[in-house]
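In the two complexes that follow, chain A is the common piece, with chain B as its partner first and chain C second.
Up next, the complex of A and B:
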């Protein structure tokens, strides 16, 4: 079994990558043919998705897209702490 | 009494020169003349050849002149008009420079600063129109 990654670090990585994806998304709305921005978007979109999957495997899903990674045996979508609870976001 | 209120109380005020007046003697109606504008003084020769960097100082020195004279003096000097990229663009329009993909923050810094674009990182300091 792989070593469990630090939850806080994973969350931080997800937050940073999510923000970068959101910001470059705004730029691409007005610059749809900017190659460098497209490469940036693809890179951080991939990093974000991998981090979300990694998080879901160890700590439960953050988004419904990754729910299947941690809910194979039973539905644990509501088991993780909510964002306003200790241990949440 | 309510019917004695000034009917123009909430109305738009019109400039004096657009209002008409009636002569008390003959009863004829005439329109008030437009105010005579102050004639612009001619700029001195020494001012005409001054470089662009002194433009602000020059404008400050003609601050006491009426607005239309300032424009006149400004044009006479050929100062920043030729260096202003928006010169001769239609007035009352907003222009936003086209952003380029450059000076991108690391994702860590971008998340902290609230933008991945260094050029758009303009914290509000509560005064002025620029990032100090």
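Up next, the complex of A and C:
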């Protein structure tokens, strides 16, 4: 297994890439012909999905689509703190 | 449909409770220009919107508003968690507490309950997009008003993020209005209502 990445760093990476995706998605809705924005979307969407998978493997899932990576033996979707709680994301 | 993502759009980490400020900020949960009304407005308006760019904008901004609602609720929760009866009395939280204890409930800062009359879904794209642009500006003003009262940097930081998103959404709705107008008669934008007077036809191959 690969070395365990820092939880805080990984979460920052997820938050930053997700924000880039959220923001450029709105821009692309009203500028669907902008190729540069499309390349930007693809790049950050890839970073986001990889970081979400990596996070799920080490610290539990943030999305239901990555839950299968960490809960092979037991259901862990409810284990990590909720976002508004101490230690949450 | 929607899937839940177990993280906030922008982090909220508040270490000091402040029930007085919580009663102000809760207005962005259930107040007239709050995030709940924003989300319901856009998600309600999208069904009859005839232009894909605008339907997508209403869907994605309506979805982002749910994430903002969650951030506001996290802020209010962290400002009120573990309060003692003495603190509740001292900071004037008693009138909220008696009905809701420390739970979240959508109300304005005045105590008025959330109501669907805070928004309109008029079924005319020009009318609805003007409402949407105004709503983003009203929410921006509310965040500016909150920022004048709040000193704690742990509260200001996520509130500033939310304020900036209002400006971005205003921009996207402005572009949406331009897209709608490009589909209409440039000599008279009001000649027809494209949500009513143009009958939608199905382009699916099996119906051709």
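Operating definition for what follows: the second predicted complex is superposed on the first by the 89 of 89 C-alpha atoms of A that agree within 3 Å, B and C clash if a C-alpha of one lies under 4 Å from a C-alpha of the other, contacts with A are read in each partner's own complex, and residues count from 1 in each chain.
Keep this in mind: contacts are C-beta pairs under 8 Å (C-beta built on N, C-alpha and C of every residue); 3 or more make two chains touch, one makes a residue touch a chain.
As the structure is a computational prediction, the values presented were derived from the model and not from experiment.
Superimposing the complexes on chain A yields a three-chain arrangement in which chain B and chain C fit side by side. In the superposed three-chain model, the partner touching more residues of chain A is C, compared with the other of chain B and chain C. Within the superposed three-chain model, A:69 lies out of touch with both chain B and chain C [touch as defined at top]. Looking at the shared chain after the overlay, A:80 reaches chain C, while chain B stays out of its contact range.
In the superposition on chain A, contact is made by A:30 with both chain B and chain C. In the superposed pair of complexes, A:20 makes contact with chain B only, with no contact to chain C. Draw one line from the C-alpha centre of chain A to that of chain B and another to that of chain C; the angle between them is 30°, to the nearest 10. Smallest inter-chain Cα distance, chain B versus chain C, after superposition on the shared chain: 5 Å. When both complexes are aligned on chain A by C-alpha atoms, chain A residues 15, 19, 23, 27, 30-31 touch chain B in the first and chain C in the second. Put simply, chain C touches chain A in their complex at residues 3-12, 53, 56-57, 60-61, 64, 70, 73-74, 77-78, 168-169, 172, 175-176, 179. On chain B, the positions that touch chain A within their shared complex are 99, 101, 104, 107-108, 110-111, 115-117. On the chain A side of its complex with chain B, the touching residues are 15-17, 19-20, 23-24, 27, 30-31, 34, 36-37, 40, 44.
Only residues 11, 14-15, 18-19, 22-23, 25-27, 29-32, 61-65, 77, 80, 82-84, 88-89 of chain A touch chain C when the two sit together in their complex.
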